[in-house]
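This report refers to the structure that appears directly beneath it.
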Amino acid sequence: MKTESQHLRLIASCPGRVGILARVATFIAGKGANITAANQYEDTRSGTFFMRYGFELPGGSGEIESFREDFASVAEEFQMDWRIQEVNYRQRVVLLVSKFDHCLAYLLHRWKVGDLKIDIPCVISNHETLRDLVDWYGIPYHFVPVPKEPAAKQAAFKETARLIEEAVPDAIVLARYMQIFPSWLCSKFRHRVINIHHSFLPSFVGAKPYHQAEERGVKLIGATCHYVTEDLDQGPIIEQDVVRVRHSDTAEEMMRRGKDVENTVLSRGLRYHLEGRVIVHGNKTILFND
Amino acid sequence: MKTESQHLRLIASCPGRVGILARVATFIAGKGANITAANQYEDTRSGTFFMRYGFELPGGSGEIESFREDFASVAEEFQMDWRIQEVNYRQRVVLLVSKFDHCLAYLLHRWKVGDLKIDIPCVISNHETLRDLVDWYGIPYHFVPVPKEPAAKQAAFKETARLIEEAVPDAIVLARYMQIFPSWLCSKFRHRVINIHHSFLPSFVGAKPYHQAEERGVKLIGATCHYVTEDLDQGPIIEQDVVRVRHSDTAEEMMRRGKDVENTVLSRGLRYHLEGRVIVHGNKTILFND
Amino acid sequence: MKTESQHLRLIASCPGRVGILARVATFIAGKGANITAANQYEDTRSGTFFMRYGFELPGGSGEIESFREDFASVAEEFQMDWRIQEVNYRQRVVLLVSKFDHCLAYLLHRWKVGDLKIDIPCVISNHETLRDLVDWYGIPYHFVPVPKEPAAKQAAFKETARLIEEAVPDAIVLARYMQIFPSWLCSKFRHRVINIHHSFLPSFVGAKPYHQAEERGVKLIGATCHYVTEDLDQGPIIEQDVVRVRHSDTAEEMMRRGKDVENTVLSRGLRYHLEGRVIVHGNKTILFND
Amino acid sequence: MKTESQHLRLIASCPGRVGILARVATFIAGKGANITAANQYEDTRSGTFFMRYGFELPGGSGEIESFREDFASVAEEFQMDWRIQEVNYRQRVVLLVSKFDHCLAYLLHRWKVGDLKIDIPCVISNHETLRDLVDWYGIPYHFVPVPKEPAAKQAAFKETARLIEEAVPDAIVLARYMQIFPSWLCSKFRHRVINIHHSFLPSFVGAKPYHQAEERGVKLIGATCHYVTEDLDQGPIIEQDVVRVRHSDTAEEMMRRGKDVENTVLSRGLRYHLEGRVIVHGNKTILFND
């Protein structure tokens, strides 16, 4: 008989000192749990520790809460910034889009065939363009136009924030959402808003990066998945990749060619986020990927 | 005052069970050591645990031996296959070559400028071709011709083995050494002999892989760094990479183009080996690379 | 006033000799056409010439036929294997699928948003699984089951061939179609049937390549787009690419990860075919890609 | 009996119009020459044609001069910017270096083993550091220190220019030469000075790009080979590539890791230049690479 167990993940960071791993591992072993994966890294410049442990906690789902409560005192002792994920919990991901549909279509397809084991409570858009596609997948679509007039714009973002909050999301993906989030919105969902920028940052910040790339005559174009912060396209980078272009490629052809790299970079970045592989450290990320 | 400490690495594998990490981490913490990096992975099919810990052991170099002795009983308890590396110890790497010099020239250059912090006790070759290059770097060069006649061939490999043993190597690199090691030689230095094969294995096993690649009309060629076993080009793979070729590339041009990928793949593979990032598991490798 | 013109492409191969390019270019210039792109390559081993010219022929679409007729005598003079494509003609691509939908979903999406300027007369499948998806795009879906019993199997392939012929296709894409075409079917549509194989050929020919890859412990997995011939997975390669995997990736995770590279490799290969960039030469391809 | 012939390459650009290719190909055929490779591209925005033809001109080397003279009138007719290369002529490449030796060591090694079929008339450096290495290869080494004081600096660059001119170079490679060429020096050898910049431009222009990369937290670092112009790191890009880095990589480790990509990008870029595959167009390059 296979006894019941809970597959959990602990992700944490704290000031470095002797005995952290021993304390945490002993705590986990004391609960009878088998550690199946572990990553630890110390940033020697700042003296910060980063950890990610996967483990099987014996018992029913009721054990999780008591594990969390008991661990809280360990965490306090080491001044940890921490979270515990249930590996089989379907995380909730809100998607924001404008008119380009390739990232949206990619994520919805991967979700539908079960490659992306998430729930998508809703899609929010400042346009009506992609409603049909989203309808086909049976997902609620919220149209929140974002006018240029400041007060109306603020109201639109408030409504956007309300819809996001209502969805209780683990991640908010700007899947080619062409509006700039105000500072307060970035803060509100800090380290949960993931953007895909269609260039190899820090090259070609801002609008029309493919046109900038074509203008500069680069031989590779790229895409960058990053957390959104107050500074446009300056947030902590999660993942990047590039693809080769030719002298004969116009900006339009680069756009077409870039879609694949945008999709793979965004989906890898989102997956790293959901799997607790990314820990933000200042304006950079620790990425545990093995 | 900065107190003295020893930077060590523990690399181990053992049958999986609850409490391994706790026991090991507690042991390390009990020695007052700070764990700066950790990787752990459980192969669920075989139920095997693999670990790699980096830590700073306080005290002089004399502490290392007592650490080793004390840890032996922990290791025994968990039936571990283990080793402890001193991070600042300059590992000893013996190079074997035939006539092609690109891998040799690459490794020697990286060694000379300090990128590869190793000692190279000697270079062994079945040809005299590369003696001048090796002389320039001030490294002993042993010429051990390998005749076709079976008894003479065996004698040549015995001499090769003797020279290798004398060098007390942590790694033996076949840097385009064009002779096939007999089984007993593979066994003697098991998991220490690293070969670079000039194809993306398992494609193009054996002789003249670039000619095979040209014949088949592939669009990418590659290189594979692997541990040598009794089965030609079948050993556990450490690292691989590829590079694009064109329809107009002859086998000769592929050879030229392939040199770069051979060099980077070999040097990455060797580095992973030296840094204790590779653990052999059956005919595959666990690669801790973050 | 912009005068009307026809954007054409001439793709040809012939035995090499002095004056081919001069003859062809003079013929084209004699028609008042502006050559906007040209590639030429001579395979010196076989003495074969391969050419691809893009040009703007002045006049209405009626000019194309007379160009073709007049060029036929030039072609005959040089014993050319040739074709002329109308660049703005929407080529017809028949898709064959089984149960995996990622390649199909990818191609249909790119087609719908106009990135792939083709007509898709129908989708043929040996399963009913993907009918809904295809219906949504408004494309006819033909279910042709392929039984194991030899006579019934032959009948199924005859029906498949009939449906393909009816569609008058410029390309037939096996978008993860899990049946092996009989020889006569390969011959019937020679150099028009494009397959995506989910490995970096010639590694992992045949069934379950991701499982083979996981078994062998490779560090990169790949995909290969090739023309289908009588020999399974041995046809001329059009395009290949790879993606990195980790020791912790199961065959299932490789399958998920491999989908992106399958999609990009297939779509690049198909595009090269449609744009007349690929010329088959023995069991290899000439690929004009700049 | 194989008759003598000259392997030549014509590289040219001119305003687009009907009949260019016909005129050029007819001229070449009229000389009895067999065209073995051809690339042509029209930039439709500027209406400019770019061509590259490889051909075998029958007869001895004396035929080349008369070919050049006769072609001059064709070139004038089409207002061509043109050059004719002898494929087997060993082009002359002057190398400039400072203290980092990896690019120098790479190019010298490839030259010595015959992979790079060039002559290296001399190496010029603002330091004495690399004299020994260059001596070993038997190549003259000129030490030209570049003081900070403006007049002395100008004098140093004049001496540098004199040494370059004396070498009659086809290419001048800044193989990690850490001085900025004054405008007049850039102009003097326009489109012949090739620099390797250790970042993926336009990211991280200027000093210490690896430190900038580490600071920004990018997941890939790169290298860019470009022609030097008056604007620092802004010249036409010839070739670029990238390599993955980890969160644990310091700027120093990135430097080590970046050396391989610098070497391959520089050597590919230099090779494209020498093979006449690159044509500068405004601040971009046409790259004929198949």
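For clarity, chains are labelled A, B, C and D in written order, and residue numbers in each chain start from 1.
Keep this in mind: contacts are C-beta pairs under 8 Å (C-beta built on N, C-alpha and C of every residue); 3 or more make two chains touch, one makes a residue touch a chain.
What you are looking at is a predicted structure, and each value in this text was computed from that prediction instead of being measured.
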item: Third chains touching both chain C and chain A; value: B, D
item: Interface composition of copies chain B and chain D: same or different, split at half; value: same
item: Farthest chain (mean CA position) relative to chain B; value: C
item: Computed distance of Cα centres, chain B from chain A, in Å; value: 36
item: Centre distance in Å when chain A and chain D are each reduced to the mean of their C-alpha atoms; value: 42
item: Residue numbers of chain C (touch at least two other chains); value: 37, 41, 246-248, 287, 289-290
item: Overall pattern in which the protein chains touch one another (line/ring/star/complete/other); value: complete
item: Residues on chain D engaged by chain C in the complex (per definition of touch); value: 16-26, 28-30, 32-42, 44, 51, 287-290
item: Chain C - residues contacting chain B, complex; value: 41, 200-204, 216-220, 222, 236-242, 246-248, 281, 283-287
item: Residue numbers on chain B that touch chain D, as the complex places them; value: 37, 101-102, 105, 109, 113, 115, 136, 246-248, 256, 259-260, 263-264, 267, 289-290
